[in-house]
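Shared chain: chain A. Partners: chain B in the first complex, chain C in the second.
Our next item is the complex of A and B:
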């Protein structure tokens, strides 16, 4: 048989590598993009790296990640090494099953590990806190603290999933070691402990080092387990990145990911070079080791390591006041200078976390992992949380700035008596279209179902919004519970899908596609349209004549909140006119603050030295006559929610 | 010889309810070269480890210079060990390996003293110039020397050697035997040497202790052990032996195969059944007419210095070593001088050894033993 030609081999190899590395190359390239888009190249810049280092949430999470990874690595390495030694000393019959048990957590799905740890912590803390309360009430000598998830639980989780990796890399080294070495050292005058340090440890050191490196990489990488065990006040880099995807994928993510990729790459290269060296020249290494192990160098290294850890611990405790407030919001949904301003004004430390959707937030709260103080859910989710008795009534006397909130955004359907909420932002859902790709201005939802634009339409990947558009197109109510109406809307959507109207069902991908001119029509939020406009001037936004959804995200305090007083201070601060102006300018979502709305054009002029474009302003702050034809989502009854889910699944996206 | 240094008194060892050592009684003199000889699993290494302090006997006492040392840990005993496969420290070079024990010594030794002693020891084991070589780059023989130097540099009263030559090839093994003997005499230290190689044991030792199944079978000088084995096991384990059933007809008269032979043994009761040991090299071949016994040659193997012949005497096959070649199938006669015959009382080992009916397997036994040993060790490491 003839061998396939060398050329073909190479082409195939090249394709494989292209397949593997193209995404990373694109990521790295776009981390240097001057524009905000992930699709349009606007020139080279370090802007995102600069922003990254000024982004407080990311830097804090980088710090947390490094600290937890380092500590977890050190502890797991020590524990794992001694466990390996314990295993090694056992008889094979005892050892084999134990080693198998050790391997299970590595094979186990992270999600299972994460959820189970979360459950354990919640259960234990629940028990402990009840106990502490009982003890504290019963006597006055000592106060037992109440516990909640945070850095400690995150660390415990990381240690526990790191140990098996250390064990796995140390055990073979121990088994390769001559059993007589320790005996020999003892024979030559060492106690058992001395023999271990002087002889066994150098022998298994390569295993320990590579175990530690693997553990460190796993820790830095981990998202799922951290997500369930970090609690509300802590977040790792991976969690920070993930939560940033809710609103707008900022290119800062590219910069972070590039750095993360390079860090892991460097670690891998180091590990591989070490292994190669050992395999190549064990004798030379052995000879070198004698010199390397000079006590001075050892002490210097040890001191350096201690210094780094101590430094990390101390720098991490900036503003370590007792007063904190845990806030959970959406990614890219606040002007971060506000957080610093609040902290310096009040001395309260803000732990600012983000999640990616209302549903995620809900499940976090339900699982007990999200022990936040202030959350910023959307209208329908607020209704649901109220109905499930999860929110605390606000102390409006502590929130004087509530007076600035326009009456149009008070007493809304989700909180008719306005006892639980202070609005944060509001906005409308509409159609974004590319002027150069359609014949006439779009004004109606019918465009979303029109065969004329087959393959050019991006439908939103969210059952409520997609079916909502169809309901409005058919002239039904957005919050209808009539099964026939909902089924009719589904039919409309399904038919359009059959006819190939939709290029795709999208969420965040909408930015790239619309900015790059890859699709003509999409359904999305007004605030996000304004961001897209910066990258593509042909884009237009319309609130269709049939009406649309408008939404309000409002600040609420959880019933279980531990820092209610601080929460009120935070809410009051954010509700202020100054904060609203800053946020409006930063995130392009409309403020509910009457004064802020009125002052914004002047604020804009002062800031940028140019007139605010009224037309764009009206897209952000939808005028009352347009808002009139829009409706809030209401929390639907369970039956209807089920129907939505079922129909959505049938659509088969 | 000189005074007693170590004594094992009724020492026994049990692992997991299995007795590996039955009440051992043994004393070792100062400056003696004593060898524990036996097949794998006989308890010789266990005995060594008890002396080294790596195992504590389940019962009985270990005495050193008359002091009980059962509970003294290894690092406090004036004993050093050369381990099987040497157990050199791979991360240290030759110099640091040898200096290891000196650096651990309390009171502390000066740098200069350590250096002098290490260099002297390198001289003794002929490894000058190798100080800074990594130990893994050395040959087997050189590693062996490092291991010996590493133990001896501490000037122990007793050196324990656990099959130290097992990993070397035959030629090197012979050289090292000489070398070890020279070192032992030069330094005047007590050597306790463990081996399964009877030749090694005979060549080097002052005293040989033959062990099997956790019991001492015989203690004696190499000559005693070879010439006057106490039972079939010892006779078979030390060299080649034909062990045949016989009856002691009277003092100095033993009957084998229906023929009476003169011998030098006495003190048995009349007509007592006995084991008779006849070494293959002690049998003289004569013509069939002159022979006390007459048999047929069934196989001949050329061994260089002599021939190994298997001869069938009425169904009993004997091994005869001779320089005269007789072709297969020929009938020969044999005669045995009285000092070629050794009579032993019957023991539990009677009938288990010394029959050459299945010659080839029997003969390979020694080589098999080392293979089995290897496998066991590998099994342990798993």
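Our next item is the complex of A and C:
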């Protein structure tokens, strides 16, 4: 009855699949790259796969991701299907407004859904915890637990954004179904439950299956909503990947994605081979019998799986009842072996999360989504957090390693009395350029605005740094609050943009573009330049003659921290000379620890059996005469911040 | 009996009240208040300065949806004509790329589309660039003044943004359309043929109207997330021209942290989307076939 599809159809399908799989193939190929780049091939290697199995955080986040996606998919599919049938049975007038509400989560920007759910959870938990305290104080025979965001809230959020997709998939199938079928079934003696089970369900099965597929996909892929609802001790894989963007996405992530992908492919093949064998069953009777059995079996299997999963959740939560510290830092910003070392030394479990920028961190803190103990913000953000009374004073007697911190990194403008911070790293902002693509060495910020390099320049996608470069180019102060000066700097940027100087506005996309020789000039941080240099030897770094920004990232403890004692232990451990050496070697950012700075060349020699290149060392550890022309960012007054944001938005329009 | 079945939706209606309506009320409160908690409409008065961003986002999302439909409908149709095993495998294969993280996939596209990227390297090696240059020089007004290009500019264009949207949302167009076409009552098609309709007529007068609910679902599932998408424009479009999703994200995660303005923009965006959907459903409303609203 069906016409067999012709060759042209097949060609079209092949093209669409080629389109869908081209980037996946690139990704898989580069997961075997010996280098860290996604753009420059350095030879074949299994390095990232080996690292993957030693990376506890990524393995844990994979586990959480699969668990939450599976649970959310099962629940959303069941609820969504029943709801679709319920809606179908309603009169149009009742149904229409409900369906409209159902569509809200789809229409809302993810970030708004995430933040609004977070606000709701925070409000509810605040209320509940007050209530629990009151109840617990009033009587003795039962204690109500205090609640915070975690796996439960993450699951609720995922179910909420999945159900609309299931409904949208199932509803068309219901409408397509012959309306008289259910009535006929009932006339023939079915109860309404039987009518549903035996008649309606098989009719709409394809819709349910595609709804479940979409739900699972949305769950696996979601990042923003998870970010705001997962709390500080739960991370999904997508969260881990996104938060790496302050530094760079580790190729380990390519490896884990490839493994997930191949697992699914293998499963698919196995299931198909098994099905094919069943279909070849010798007698039709046997096949019929098999079909009779299979739904029951499937249900039993599904129920079993659910049970196992639920058991897993509970065992998982009980395992974590010992001492804990919740840390939030930047992606790829720590030698991860330090975490394990700290855990085995102290018996404290570290929940290590990462964000991608100071601003993201701030909004996580403000909305209540980030109930961390230790954070590692940069200078200007520290000043802002102090001024808003969000940081706790540190107990320096519990941090003896603070004595190793060089006096140059104490009592800085963001924390003049040094009561809140222990420096983590420091570095400079400068210009990275490709020697083979410019005709003379670059020494000035003017290169960032020069028409000569039209289409070759990458501007940084961060208002403070971008406007900062323009301010310095015009000879103004980096921390100016003078509106006219800031507007002049904006004009310089805007003119350059109009003239086509900028190829793009980038953050960590800068790696691929500079490493692959796609752009000649970019502004970025010294430590990241050293990483790029490994993949492209033509790159050079300069701190422009007009001066630049130097920054300090420092560890702070939040006022609301639940584990202050553990936080001090963590900070002391990280401030030690050994930890600083390990971090310096891993992330290429300079340490504030006097001994670590002095010992690093020897440490390097012992580790790699070769002399540390003096020039590279000075790029990482900026010498005093260069540092002299650099300034820290200060926290700007609210008016100026607003002006920055307004101008920045205008630039993007 | 129909009324009994409608009870099935009660749990979700309660769920919606808790986790959809309550958060949306939060958004409305935010949109109509200022940082110090007072009522204000100031956030909405600023909206006109973002009109360009609204227009750009809706335009690109519309183009992406159209392309998704033009690719998604035929492929769903072709797949449904294949054997059942092929169909099952094809459906999973269509969703499978989505299980690789969105950011990683977009990074991959970057390394493909870059000026020095894989595609341009391919064009250089196969001589397509040279071929293009000689043709372009031939047709140029002044062939001597023609400057040969070294690569095709693909990244950092609006085309790349649309490509990113199509790539990411195409599966959401294919799935609902396929699930409707795949389960179509074939006796209807036979009847149409028996009654003398040719293939084109069977498609136009039977298959197309019957698949309309799936098409409407697909359009919603592509258009709605495409309007509010973020990160695609910064990664593939060079970040020089913002989309609505980026604008909203900037308000929540950007330098000045203005969730009030962010909430207002997102509210206005939702209202426009709802209006679009209403219009679309009027258009597809045949016999109570509307899927949305």
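One rule holds for everything that comes next: the second predicted complex is superposed on the first by the 431 of 653 C-alpha atoms of A that agree within 3 Å, B and C clash if a C-alpha of one lies under 4 Å from a C-alpha of the other, contacts with A are read in each partner's own complex, and residues count from 1 in each chain.
Following the convention adopted for this analysis, a contact is a pair of C-beta atoms (placed from the backbone, for glycine too) under 8 Å apart; a residue touches a chain by one contact, two chains touch by 3 or more.
The structure displayed is predicted, hence computed values, not measured ones.
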Which of chain B and chain C A:188 touches, first, second, both or neither: first
Partner chain(s) touched by A:180 [first = chain B, second = chain C, both, neither]: first
Touching partner for A:497 - first (chain B), second (chain C), both, neither: second
Chain B versus chain C as contact partner of A:241, first or second or both or neither: second
Partner chain in contact with A:614 - chain B first, chain C second, else both or neither: neither
Which superposed partner A:202 touches (first chain B, second chain C, both, neither): first
Touched partner set for A:92, first chain B, second chain C, both or neither: both
Dominant contact partner of chain A by residue count, chain C or chain B: C
Common ground on chain A, meaning residues reached by chain C in one complex and by chain B in the other: 92, 175, 183, 186, 203
Complex contacts: residues of chain C adjacent to chain A: 1-13, 15-16, 19-24, 26-27, 30, 49-50, 52-53, 71, 74-75, 78-79, 81-82, 85, 88-105, 107-112, 114-118, 155-156, 167, 170-172, 175-176, 178-180, 182-184, 186, 190, 210, 213-214, 216-217, 220-221, 224-225, 228, 230, 234-235, 238-242, 244-250, 252-259, 262-263, 266, 269-270, 273-274, 277, 288-289, 291-293
Contacting residues of chain A [partner chain B, same complex]: 92, 175, 178-181, 183-191, 194, 198-199, 202-203, 282-284, 286-287, 289-290
Chain B - residues contacting chain A, complex: 52, 54, 73-75, 79-81, 83-85, 87-93, 96, 100-101, 104-106, 132-137, 150-151, 154, 380-382
